[in-house]
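Report on one structure; see the data block that follows.
Going in written order, the chains are labelled A, B and C, and every chain counts its residues from 1.
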Amino acid sequence: MADLALRQGIDELNAAYADCIDDDRLEEWPDFFVENCRYLITSRESHMAGLRHGIIYAASRGMLADRVMAMRRANIFEPHRYRHIVGPARIDRVEDGVAEARTNFLAVRIMHDGDSQLFATGRYLDRIAVGAEPYRFVERLVILDSQKVDTLLVIPL
Amino acid sequence: MADLALRQGIDELNAAYADCIDDDRLEEWPDFFVENCRYLITSRESHMAGLRHGIIYAASRGMLADRVMAMRRANIFEPHRYRHIVGPARIDRVEDGVAEARTNFLAVRIMHDGDSQLFATGRYLDRIAVGAEPYRFVERLVILDSQKVDTLLVIPL
Amino acid sequence: MADLALRQGIDELNAAYADCIDDDRLEEWPDFFVENCRYLITSRESHMAGLRHGIIYAASRGMLADRVMAMRRANIFEPHRYRHIVGPARIDRVEDGVAEARTNFLAVRIMHDGDSQLFATGRYLDRIAVGAEPYRFVERLVILDSQKVDTLLVIPL
């Protein structure tokens, strides 16, 4: 039973997270993470090689907020949005109030003129604080299937 | 607990709805709506501008049925199908037996010769009657990410 | 309640199955099936015509294992991977410990150089042994939306 609620809570977290980004409410994005979090976008190859840094990296909620602010100020990139489609989460284990989960995702990028294309696929490897609500990410590793994405990456995934 | 059943019921409704369309059982499609429903396909821009009409619009179950009949009779378009992939639903609130939910979707269009392409992405903004089973849509707004879709749109999304 | 656990169990099975293939742990793939299983990849047209064989066919867990071994040995195809995105499962009925379910899926193919494209869409028509854990497939029919996929198909879907 706890299990049912847990899994549903994680699916909801994933839905809300995608919604926040796709809806361009990026100022709310850091709030999906605990204060001492780790957020990393990297490629499958780099992840398997054990590299701890990636295309986008943040080691605290403050760094996530900084990134959003910089993005808003710079504003030099061609306007675009994402649409995330995430699959059901898979929970690997729960220990000391932290759940380890992984979830497949796909992001479509929609340019300002309406052109849409498959932008990125991969999976989230997550550690999620589930001891209290709302659930928050202790760690979210975004493992991209392709290394071709990086130069185009501005908005978080 | 009620919450768990509710969220699962909405995920099931979304799965059944997609299944009905993708399976070309469009005559059953109006039955996913209450009698006095509202169904609207529109673009993100139009929706944000507060426009109440869109690419496809129906204000009752009867109008939905009419649309399907017209589509079957006309039959002038190049045969094609969709495959919907929907993410987990996000429930915003439940009041007076009506749940407000939103769900990301992606539709691939498969032409008669087998050519497949990403056709549309967006989200469903739903008001769902959940006081009795089966759940039915009081309102389903299909908010498309791109305005480029419209001329190609024949089958409902 | 049993219903909630059942549906969640099936979503989890689908997530684990996709994960196994996308993660290239194909040696574990046959373990998702019961000993006397049926696995079939076919096109919508062939399925509707009632043809019982398809692009890939196996009538036992041993045949699935053979297929993986052959694939590993031959190794003549251009290296690639999939990323599966599956929607919520739809359960049609449960009888004698076997659930009938169907689930939409989409698979993106990622080539070795990072090129990614929409590879296949379709739905799983499943019969799942749910009397004991872990749930296992008695039958998994992979019904492809397009007949154009087959010559490229090496890795199971």
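By our rule, a contact is a pair of C-beta atoms (placed from the backbone, for glycine too) under 8 Å apart; a residue touches a chain by one contact, two chains touch by 3 or more.
It should be emphasised that the depicted structure is a prediction, and the values quoted were computed from it without experimental measurement.
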| item | value |
| --- | --- |
| Overall pattern in which the protein chains touch one another (line/ring/star/complete/other) | complete |
| Cα superposition of chain A on its sequence copy chain B - rotation in ° rounded to nearest 5 | 120 |
| Type of chain A:chain C copy interface by residue overlap (half), same or different | different |
| Chain centre separation (chain A, chain C; CA means) in Å | 27 |
| Residues of chain A engaged with two or more neighbouring chains | 4, 8, 85-88, 106, 118 |
| Chain C-facing residues of chain A, complex | 3-4, 7-8, 85-91, 102-106, 118, 121-123, 145-148 |
| Residues of chain B touching chain C in the complex | 4-5, 8, 11-12, 14-16, 18-19, 22, 81, 83-88, 106, 108, 110, 113-118 |
